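The next part holds the structures, each set out as structure tokens.
In what comes next, chain A is part of two complexes: it sits with chain B in the first one and with chain C in the second one.
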Partner chain A sequence: MLSTILWAGKGVSLTSFFSVMYFTMFLPACIVLFALTPKKAKKYFVIFVSYMFFWFISGLLLAYLILSTVSMYFFGLWLSKVKDKLKQESAGLEKEERKALKEKYNNKERGIVILSVVLHIGGLLVLKYAGFFSDNVNLLLNKFGIAGSIKAPQFMLPIGISFFSLQALSYILDVHYGKIKADRNIGRLALFICFFPQIVEGPICRYDQTANQLWEIKQITYENLTFGIQRLLYGMLKKIVVADRLNTFVDHIFSNYSSFHGGVIAFAAVAYTIQLYMDFSGSMDAVIGTAQIFGIQMPENFKHPFFSRTISEFWTRWHISLGTWFKDYIFYPITSAKKIKKLTSSARKKIGNHYGPLLAGSIALFAVWACNGLWHGAAWNFIFFGMYHFVLILIGSLINPLVRKTNSKLKINPDAKWYRAVQIFRTCVLVVIGELFFRAYGLKNGLHMFKRMVTNFSFLLIDETTMKTIGVDAKDFIIVGMVVIIVLCVSILSEKGVSVRRKLADTNIVVRWIVLYALILCIVVFGAYGYGYVVVDPLYAQY
Partner chain B sequence: MKDIVSKIARAVIFVMGLLLLLYGLSRMVVVKEKMDQHANAIVSEPEQTIDVLVLGNSETYSSVVPLKLWEQKGITAYCCGTPDQRLFYAKEFLEKTFKNQSPLVVMIETDMLYNGSAKNDEVVHKLSTVFPVFLYHNRWKTLSFSDFVHRNSGYGVEENKGYSYDLTIVPASTDGYMDPSELVEVIPKRNQEYIRQIKEYCDERGALLVLYSTPSTVNWNMRRHNGVEILAEDIGIDYVDLNILQADVGIDWRRDTRDKGDHMNYWGANKVTGYLGEYLHSLGILVDHRGDERYQDWDIYLDSFNQQLAQDSVE
Partner chain C sequence: MEKLIEILEDINPDVDYATCETLIDDHHLNSLAIISLIAELEEEYDITIPAIEIVPDNFNSAERIMKMITRLQEE
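Here is the complex of A and B:
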């Protein structure tokens, strides 16, 4: 047993929520032991198992998580101290003096925040992007005839660093903005950041969303247990049956795209988009379901993104916690900066009420999408992915008045079903193109694939023999199609405000059990696991 | 209290129902074909007749021809090779074999030493011993009504003793193959631990454990050779790397491989078997059973194999 734990520390046993070790041993053991733990000790037990979970995956890199926790604790207290001091010193002062003092302390606070950003984001930059930056600097130097060879050290990345770094920073920034008070309880902060279901792929929670819930964690209830397990199973269906089954096909086409015509590449891009959605949203179902078992309400990270009518709407429904993080901590601070405000008001006077704020907004938007692209990975195709969405959203905003005018002239009702369907289809096509670049092995390959898709659109170079070589057949796609239809139906109902789980809970026990048995057996029989399949770790865990 | 009892009762009934369904599904999927039939058929060999047990992945059943070993040296060997075999599965074959055999030599093909043997695979494997549906679940693609009518029972005797006969020739490039290197590709610790356990198991039963590497331009290189050599030295066992000895074995990469150097075809396997036969003979612990009445079936199978070979070679 001890050796199992030690091996696990090297990241070979517990790779994700979908590893057999997780759902046959780790999670059941956690549930049983949690239920048996005395009420007052439950929160400490969750901290303990969360650290164990992290250790199982990243071993000694657990130190990063602990350092992150300690730093956010001290930065929070430091900011709080500055705020308290300002309060004390400004009591009884005249307005002008108070203003000057506030300015002085604001600068001090800004200094602390910058230090914390340098620590958290700087650390992330060094660990994740040092190689990318040094490679590009070397390339640039070589272009100018300077034989440069800056060698960046290779670092091991702890699991979920891109997620917990942002979560830690959001706490510090919220303290700075006065949205929350600095927490003097390091245990609560530790639990807020390390809670094991969210550590691998988020969602990136805010302190006021989960910290107190977690610290006041209660006994498992029957309803939470059953609802949580159902959500977890639904996630497994998406991930193991659809995403992992598509992986073999997608990986082969993206690795050997030059052997295929554009139609096959387009089909692979659609398949990848489905794979990514099923993988990430399935993982989120597992996260939210697991948290629900312990009575914790995690924020939703997806809201049926493929029903979006525009790209900007899509990003309010896909990876919601990342989008809102960028909005709150990059977009708003930039747009509310004094210089940008000045620019907005002068632009408003010159180019009107629509385009004026858009000009300033586009600067913030650019920063958001540059960060978004880079956050996903240290490669040019990710930066291109960010810029692609920046341009699409910007174009959308620019032509919006023209579209509205045209619609009204042509007497088109923008809320008509057919119009919405066209908009949804257009958004899906644009998303698939973006995902093609996102998945491609480098920007160059992405551009070649796109060119092939546009200039050489046919399905000629794929037949049954090729499919056999790839290791997939029509039956794989039939299974994928059937589950996609199920997910689509659930999404449509959910979009209409119907909770399928609640509906199911209200039906009689026979129907309920038939649905649950069907769900479990579907995963067991149609799941892409075991001999002939590569274990696919959650895709977003690598970002 | 009544509510809690009712909830627990419901949960128990639900789990029991699930187990029943898994059992039923397992029955459905195992009817198709016994998994790893060629390797598992070792259980059908007459008791105490196998002298050499060969374990490993596809490299094994593509490169050792037990009937040729019998023809040349009178040695009775059996290949318990399965696709992508992991060491935990190899250990199971070892234990299964020792139930009614006492092989004097156990040979392990080294390619599987570099296959990560994750705990997850072991758990799925253990689960599948109770509910085979976890192992055979992908058979839903090929199940038909006739599978339920003509059920298999038992494994039957495997005439080729685990060898997978293949005459296909797809030449290999040898660029960079076994280029000198001092580097070492370390064997995953978990796999090293398995080899130690297997060694201990063999020692307790008086069997000699030998590691060997099949010639393969795709899977083998000096870094791996160095890694296995260190392990073999460390635990004090023989290591025969036929990649290093390829000149002695006489491998011709233009005609001895069936898939560009990944696996041997029959021509390559015959050479590998010839070399291993000499090696096994040189150990001085194996008896030549040719002419012994107990082993007359081996002659029958060999005749049939040679006839098939002659016929295919003419074609």
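Here is the complex of A and C:
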């Protein structure tokens, strides 16, 4: 087995943070060896184990990660050189001359940035979407009676490429915007992009969030170790007890939806939404907890999204690092472009201060949601998922003035508890519908499932015998329900500003250890292992 | 400052701009409201707000927005 791992790097055993191999061997070995490594060598040790981790999963595809690091290093230095030259040449010039020179150098920088985007995103497009585009071109050609036979080569995808490509690009763009200075230390850049807890599913960190923290990595402390382990276990509880337990049921209904009535499909869509949240946010707890063990503070990627009052707010609480990436590098650059600003300005005069900017905003919003849909995968249902949210956010913004007026006329307080509850419920329903299309096997099936949900709503055709065939029973749903209630309580407290972990740290040591053991026991006893369950890789690792 | 608060109230009247310091963090101003605000500010104060300036730090309170405006006017 060792030779397989070392030479082929096929990741047979080390598939994710939740694999037995990772928990029993890789992570404990990393912690112990890190603690024993001399202070000055700790950062190099983390680079080494991060590359090992990547190698275990993706083997020789590690080359992509190394190439990305080298590319961001050189592009950063190139941009820095152009900036320095501008500084030198503009010294002593008049304001107008300085402006003209700045424009000239800005164009140069833009050229460099475009080249870097082509390399990083172009590479991602070829690897991830070549098959999708060739299939659709062939389909289109066939419709016109031309025999389309474009065959795209099948590429192996390195783990986390959609995450580290965006992270690399954010570094280059931040250097271009002057937000950060180009790093002359390739080791720091390598560590920033390869840090093993974040490589599979993010969060997509910014250079100014983690690069220096990682390069100055310190000895493990008792508080970081215990806090980190607690967060890790909480993530495992969400992932192994809830997400993996729901997987069997969700997969069966989505694969055989035509055998079930609409009520069951709706229930499966809710179950999938819970599964996805518990899987992804649980993985993020594992990432943030692991990083915390090493004293690294990662940005949060979730902020209780199911308390959102609007879809727009939902996306500022779910997969935050992806949302802010699109906002900072697609949405605002588009709306800040001269032509779009001109459009905003003239539209404001013609159609008012609300709808005018909305026109320009909708162009940028469209770009963001097209990219968001495609980022998740090369399939029409992902594109539909993106467009669905684009339309919902747009409608929300369009009717906003009308809603405000109506509320004011009817004397409805928008901060009243019942009004917030209705808004939250509405957002949850819309999110579940979106996730139905996201999970469906293709857009056609998604539409069929939705139609069945609306036109044939009943819970018939599901009884105890069917549940047995699927491989789940009432016990599964009771366990899932109990953990969901625990997570909900923790989320409500956190939403109110109460840190459960801090509260726990302030309690008696006996209580602390009882809670910790209860958590471990709960994962071991109620985790979805054994006969009937398959090990489920983190869902977002495939994107 | 009065003019700025007037502009902000026109975009979202449900906020106390004199005291609120979490306009972005608490979702009082979403991305589309920001575009509207930027268009208004650029016209009113004769400034250009580049994409790099659109960060929560510059938009979380009326005071911070005013600081950014003053800085951009001086540049």
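FYI, the second predicted complex is superposed on the first by the 537 of 543 C-alpha atoms of A that agree within 3 Å, B and C clash if a C-alpha of one lies under 4 Å from a C-alpha of the other, contacts with A are read in each partner's own complex, and residues count from 1 in each chain.
Throughout what follows, contacts are C-beta pairs under 8 Å (C-beta built on N, C-alpha and C of every residue); 3 or more make two chains touch, one makes a residue touch a chain.
Not measured: the values here are computed from a predicted model.
When the two complexes are overlaid on chain A, chain B and chain C sit side by side with no clash. For the superposed model, the angle subtended at the Cα centre of chain A by chain B and chain C works out to 170 degrees in steps of 10.
Look at A:312: by the touch rule set out above, it reaches chain C but stays clear of chain B. Once chain A of one complex is fitted onto chain A of the other, the partner contacts of A:354 are limited to chain C, with no touch recorded for chain B.
Applying the stated contact rule after C-alpha superposition, one finds that A:524 touches chain B and leaves chain C untouched. Once the two complexes are laid over each other on the shared chain, residue contacts for A:256 go to neither chain B nor chain C.
Of all Cα pairs spanning chain B and chain C in the superposition, the closest are 39 Å apart.
The touching residues of chain C, when paired with chain A in their complex, are 10-11, 13-14, 27, 30-32, 35-36, 38-40, 42-43, 49-52, 54.
Chain A makes touch with chain B in their complex at residues 3-4, 7-8, 10, 12-13, 15, 19-21, 24-25, 222, 473, 475, 509, 513, 516-517, 520-521, 524-527, 529-532, 535. Contact residues of chain A toward chain C in the complex are 177-179, 312-313, 316, 327-328, 331-333, 335-336, 341, 344-345, 348, 353-354, 356-358, 360-361, 364-365, 397, 404, 414. Residues of chain B that touch chain A in their complex: 7, 10, 14, 17-18, 21-22, 25, 83-84, 116, 118-120, 123-124, 127, 133-135, 137-138, 140-141, 188-190, 193.
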